[in-house]
Amino acid sequence: MILILAYSAVILSFASGLLALVMNQRLFLLDWFEKSSADNERLASCLGEKQFSSLVQKAVFMLLGLSGVFAVLAGLSVLISQGVVTDQLSLGLPWLPWHVRFDCLSGFFFLIVGIAVSAVSLYGPGYVKSYTDSQHPFAVLGLFTGLFVSGMLLVLLADDAFFFMIAWELMSVASYFLVAFQHEHAANRRAAFIYLLMAEVGALAIILGFGVLASFSEGFTFDALRQVQLSANWASIAFVLALLGFGMKAGIVPVHVWLPEAHPVAPSHISALMSGVMLKVALYGLIRFCFDLLGEVHWQWGVVLLILGTISALGGILYAMMQPNLKRLLAYSSVENIGIIFMVLGLAMIFMANGHPQLAALGFLAALLHAFNHALFKNLLFLGAGMIHHQTHQLNIDLMGGLIRKMPKTSVLFLIGCMSISSLPLFNGFVSEWLAFQTALQVDVLDNGVLRSLIPVAAASLALTAALAAACFVKVFGMIFLGQSRSHHCDNAREIQDKGMLAGSGLLAGLCFLFGIFPGLIINLINKVSGQLLGASLPNDAALGWLWLAPVSANQASYAPPLVLTGALIAGCISFWYLRRNPATVIRHAETWDCGFGGLTPKMQYSCSAFTMPFRRIFNKVWIIDERIDKDLRGAMNQDVAAVHYHLEVNDHSWPLLYEPIERGVNTTATIVGRIQTGNIRTYLGYSFATLILMLWVIS
Amino acid sequence: MNWLIAILQTILFVALSPLLAGWVKCCKCWLQNRKAPSIFQPYRDLLKLTYKQPVVSEQASWLFIKAPYVIFSATVLAATVVPLIAVDLPTSASADVIVMVGFFAFARFFLALAGLDIGTAFGGMGSSREMTISSLAEPAMLMAIFTLTMTASTTNLSLAIAHVLNEGLILRPSFVFALSALILVAVAETGRIPVDNPSTHLELTMIHEAMILEYSGRHLALIEWASQLKLMLYGVLIANIFFPWGIAQSFNPQDLAYGLMAIMAKLAVLAIVLAISETLVAKMRLFRVQEYLSFAYLLGLLGMLSHIILEASR
Amino acid sequence: MNIEQLDFYTQAILSMAALVGLTSFLMLGQGRLLRLIFVFALQGFLLTLTTALAAYSLDNPHLYISAVLTLVLKVIFIPWMLRRQVLHMNMHRDIEALKNNTFVMLGGASLMVFSYYVLHPVVQSSSAVMLNALAVSLSVMLLGMLLMISHRQAIAHVVGFMSIENGLFFAAIVATNGMPMVVELGVAFDVLVAAVLFGIFFLHIRTSIDTLDVDMLNRLHEVDK
Amino acid sequence: MIAAYLVLLIPLIGIVYFTLAGHKTDTGKLNIKFNGICLLATIWLAVNVLNQGRIISSNEAFLIDPFNVYLIVLTAFVGFTTSIFSSPYMAHEKEIGKLSDQRLKLYYSMFQGFMLAMYLVLTTNNMGIMWVAMEGATLATVLLVSLYRTPESIEAAWKYFILCGVGIAQALFGTILLYYAAVQIGDGENALLWSVLYENADKLNPEILEIAFVFLLIGYGTKIGLVPLHNWLPDAHSEGPTPMSAVLSGLLLNDALYAVVRNKMLVDGATGSNMAGFLMMGFGLLSFLVAAILLHRQKDIKRLFSYSSIEHMGLMTFAFGIGGPLATFAALLHMTVHSLTKSAIFVTVGHAAQLAGTQKIDQIRGLIKTQPRIGWGLLIGTIAIAGFPPFGVFTSEFLVLLATMHSYPWLAPLLLLDIGIAFAGLFRHIQPMVYGIPPKDQQAIKANLWPVIIHLALVLWLGLAIPDFLANWFSQATLLISGSTPL
């Protein structure tokens, strides 16, 4: 029954992809229709050019939405029943059919995918209206969206290495096509190439990781791999490979570079899925590999995860802060959030390896909860970015401003996203961050001195990350929605009219708030995951009743968001009511104070780069900053300054340090190896001759 | 009863905070050989502001008008968490110290947004600087507080303070570090010299004032009040965490009165210290603040490490 | 095993082997194309003789066919064709200056030694004749390759190629008394077609690059120039 | 057995017919028919073999076992689809004046000649005939490489001819040595029959066979395109007409590898060690590495894919070299999927080059916009050949990797690194060609892309599920080659 739900989710998403192909067949259908029966008026009217495309788009997204709903249902039902279902599909290799296994961990990630996909499919029809021409064929978009989603779902279902890799690569390749969808810009093509290349390299690392396990076992089913008893060294090699592979997909620094390139160039609802969900699937892979397949974890792995996570979190948010492109910024912020998740997962590993499964469950909970939350708010933000782009046709934050008055609904939704991602209390982001801190604070139970001093430092970095994230999203919201408009595009922007787009984002915003207030709803589900996977759940998850969140014990820490919300409402109402009492209630509107000089223009506002200038000064080693001021000089002696241009470019260190050397290395090697092919046939004969002699010599 | 006490002390918090601000101002005036205003001057200012008609820029959006309420409520909520005159508060359980820091962040978030809303250079400047400073201060503060919470192995402030109180006088090196860190952070976060100057309106130096430049009337009152509340909150935190003696552990009137007296005395002393330091120290350049705050962060971290290595080692 | 103890047939075969090897050396050091072709024809003739000898002494009639085929193809047809080309191209007066001629010859000599060395373990079980014959044919083959490597004229390449074939043929005759008939016919057919194709190619190369110098065929390569 | 004769007879008729009447307008269609009938005949043959097991003709000249019958069907299939492609392609070439009637005649007759040689290589039981047929394949195609008579094509053909000729001569020496070893234990006339040799493999002199194998490997390896003997391959592939490149890549290389594997089976039987396997692994790995790196610096689209062929042949050689049932199975599968994919790619490449009027990568742009089918075909084909699932190439590469992990784990990272490099090398060139904005005057052309669709669909199918009869077939072949089956 549960499996049927899961399968239907996969099949529906697949079907939605196939249905999108119909888009190109309108004339064919028209033809066929005329031939068969010409009397049905309504059907014929559907085949009008406009109606047909909107009909197909709606149908495609409806199927996709249904698939999302089924995924949610499947996830919920397996989580609630806490069961494990397995199956075999008669596909794959003759001696290795595709094995399917659906357990709580998969179920939880099904939930994430399902929610995100449902929101996206509400949002989609409004967003893709413009993609009907041959320039951007909807057929391609729809097909690969469907494949992408089904790929992600299949990854979660896979129970053997072979099937896993197929699903994994299906996900990668389908999303590659989506990234390359708007391929007329060279930057997009480059992004797509980098994306696919890194996806491939990552996949190879994963294969190798599986290979290490498989070479010690009889088969490649996960069941067989679970049985493998590896020596510590081999296990560590497998772990490093898996970390490299899954980390590449998840976007861990320094293998994150594809992420800020690829996410911004895909259509926004796809960016939302990629950033919000696909990264989580990578996380799923890592968890499955480390906690499930490898079984016994080592604390050193935890330390690696912790350190990498910390670097990613800090690096991600610092890079995010400097981006003027909204979607690039959001992509970098995904790096940050994944970093946080990895950190906490590292903590869980450390606790697990040191024999504190309950605390490990706490860390695991924090990690999964943050993954869940990140899926919600990052999706919301990407969808918001899509709405902004839809209305203003740009993504450069420096050219926006004042949209809160033009797009009030969007602004509220986006604000909720910003608050969640800045982990402010009452929103979901805070809960997971709170749990992360709680996990880190349990360091006292550990014996190892290194860990005892390392974890607090990591916690401090987490605090710094959170604070920087708040700064970053103040910048984002402030620059986009507040102040005055900085370009005529923004002047002309209007509120989104499409209800679906608002509903899709609204759903996510509502969930952000809901799970901020009632985190217990989701925490209970995650607890079942850790119960099944780690064999331990939270020590005391319901110490004080359902309103309360007291993960370890009520004496150690507790948080009751509903009460806090009530308090906030009371305080707010009292102050509001009290002050309203006054005679001078009517607000007088006046010009902004301009220090008496007159003529405030939007150009005088703080810009994005101005806002982040203090950070640039403070953390200037983190980026490669290219900042210069060009003056247009005129006049006889070149003394009159006609115009001043400020130029700022902030770049990632990982390019010159890691990637460019590799690229150069490959090219140089190719040049050197190319020299063997001189074009002279006598040389070639010489090779043949030499090879023969050499071989004969070797043999004898 | 617990809830009642909690609400009562929150009200006390809100009510007393202007008094503390007035006291600091008085002390400063005396130290600087000026004639001091009345200690109740802040009350009068607030009252007057509430009666004035607010003038709001034409550019302002709903966020600008709602923000003061949000800021004020968030700060009040933070106040509910901190034990003022008694420990064992139910509110401390519903929101622990991390949530308190979260509330500060909440208030700051909206304050910074409000600063950006009008679209003047000042507002943006203030927001940018505020976010910079706070993003450095917040981790330092958390570090300092974590030292406490790990000592008491709880993040519940009431319980933590009770733990310190019951332990009696133990000289902990970690607390010295944590205290210094917290003081440095408090100075930065409440916008005092040497990080910011609450009484300046000189564009190049101001931070907090720059953001609220466009506010007037009751909105300004709320924001001013919130920042006074914040000052008091930090004062109480420092006083009650590191010198908890005198705080009421049971809810009989005598203990409570005693607790009230104790905290007022402690705050008065702290205010004097603050006034003295503000008189002696000059304001820093903005870009030296990072060094200042990194130092605070370092102290907080040292506190934490010394707790883990020296005090809780096995 | 001394040579005196061997029968006449074997002695003859060994002499033939030596002669065939010698012709290979002659070809290797040859700068003039016409002479090269002549020596090649000579080698072909020696092969014919060997085949006939083998056919006679082993009483193996189908080797006669091979002998005839060799005669027709390698002594008459191919040299005739090549000679015609050379004359046609007016290249018969050209001397191809070989670089490091001594070095090449020394290399050739060491190849001969190498061939013995390589085949030594193989023929331990059988007679020295086999060793000799196989080693000579291997070295003829290798010398043919060396000839191709060291010469720049397409015609020399064809000669080299064909002399490799000769080496193979010699091995087949001497070591195994000829391959199965059907294979032998097939090989001969291939050689014939190859020869015809070579003729066609000379025409094409000449029309396209106006020379038969293979070093000029260097447009397709992987080197940055 | 009749089917086998039919398979050989039809192309023979084809050669004669096309030599006489190859210039007529419907020749392309007729060519399709010839190949189609051949395909049917091979299927008939395959059914027989699968039902009855090994078939040996009464005079023992022909041997059909599961190993070669599957290659025969593959050959016929690829030949058939390529002929479908070549019909409009050659018509277009004639239209734009690149080819005359004479050349078309030559093309079609040699196409059949090549097919005949391929079938002969596969069906013959005689190692000598195998050699003859292999040489015949070279001879048949060498004039096709220079079909356009450009200086480059003549150069390519010359190199092809000489290098393969010399190479194959070495193979003949190997065959002679094999024969020499065989006559020592048996009678002369039947000594080169594979079925006889195989039965007596353990009696053959191992030392002779080792040396023979070196010659055979280098000889046939030249045809496979093993580095450093590969130099003719990119030239010949890039300069000939594209249908020729498709069959060269898809068939000739396979059949050369088939010859090597046949010989390896004998050598393994004689020596009892994996000496041959090690040599093959070494050559395979080297080819794989070098070709993958060289992909990065290609400027000609057909050259690009010919290097990719070298790379994949290297991988197969490597896999056959490993030798276990898993690796052998993988190699057989890889042979199939590589043939299908690569010939599909060459079909799209041919159309793409016609579309853009050039083979230069720099000048081919925006295929997806001008003619979506060609663009997508090329893109998906490349994705398939680069080893992305769910295409079959992934399956076989995955299995090769696993086999490597089992036997030689330290080689696996190298292999993977190389797959990555190769992928990057392919994609950095392909992506700008298919995407982007096309040049202004680029026009869509008449193209038949059914071969591409069919091939890629088959490869996809093989990636998702290997049908039972095929799996059975593969495992029979695996059993034959490696002595056990992975099932």
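For reference, chains read A, B, C and D in written order, and residue numbers begin at 1 within each chain.
Heads up, the rule we're going with is that a residue touches a chain if its C-beta (ideal position, glycine included) is under 8 Å from a C-beta of that chain, and two chains touch if they have at least 3 such contacts.
Please read all numbers here as calculations on a predicted model, not as lab measurements.
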Greatest separation from chain A - chain, by CA centre: C
Busiest interface, counted in C-beta pairs: A-B
Approximate Å spacing (C-alpha centroids) for the pair chain B, chain D: 78
Length of the line joining the C-alpha centres of chain B and chain C, rounded to whole Å: 100
Whole-Å separation of chain centres (CA-atom averages), chain A against chain B: 36
Chain A and chain C: spacing of chain centres that average the CA atoms, whole Å: 69
Set of chain C residues in contact with two or more other chains: 118, 121, 145, 148, 157, 214, 217-220, 222
Residues of chain D whose C-beta touches two or more other chains: 158-159, 162, 166, 170, 211, 234, 294, 297
Numbers and ranges of chain A residues touching at least 2 other chains: 671, 674, 676-677, 681, 685, 688, 692, 696, 699-700
Inter-chain touch pairs (all): A-B, A-C, A-D, C-D
Contact set on chain D toward chain A in their complex: 158-159, 162-163, 166-167, 170, 210-211, 214-215, 217-218, 222, 228-229, 231-232, 234, 275, 279, 290, 293-294, 296-297, 368-369, 372, 383, 386, 388-390, 394-395, 398-399, 401-402, 405-406, 409, 412-413, 416-417, 419-421, 423-425, 427-428, 431-432, 435-437, 463-466, 468, 471-472, 475, 486-487
Residue ranges of chain A touching chain D (in the complex, touch as defined): 90-95, 134, 137, 162, 165-166, 168-170, 172-173, 180, 183-184, 186, 189, 192-193, 196-197, 200-201, 204-205, 207-208, 211-212, 214-215, 220, 666-667, 669-671, 673-674, 676-677, 681, 684-685, 687-688, 691-692, 695-696, 699-700
Contacting residues of chain C [partner chain D, same complex]: 118-119, 121-122, 124-126, 130, 134, 137-138, 141, 145, 148, 154, 157, 161, 164-165, 167-168, 171-172, 175-177, 179-183, 186-187, 189-190, 193-194, 197-198, 200-201, 204-205, 208-209, 214, 217-220, 222
Footprint of chain C on chain D - complex, ascending: 61, 126, 128-129, 131-133, 135-136, 139, 142-143, 146, 149-152, 154-159, 161-162, 165-166, 169-170, 172-173, 176-177, 179-180, 183-184, 188-192, 205, 207-208, 211, 234-235, 238-239, 294, 297
List of chain A residues in touch with chain B within their complex: 401-402, 404-405, 408, 415, 419, 422-426, 430, 434, 437-438, 441, 443-444, 447, 449, 452-453, 456-457, 459-461, 463-464, 466-468, 470-471, 474-475, 477-479, 481-484, 544, 548, 554-560, 563-564, 567-568, 571-572, 575-576, 579, 582-584, 586-594, 600, 602, 604-606, 610-615, 617-618
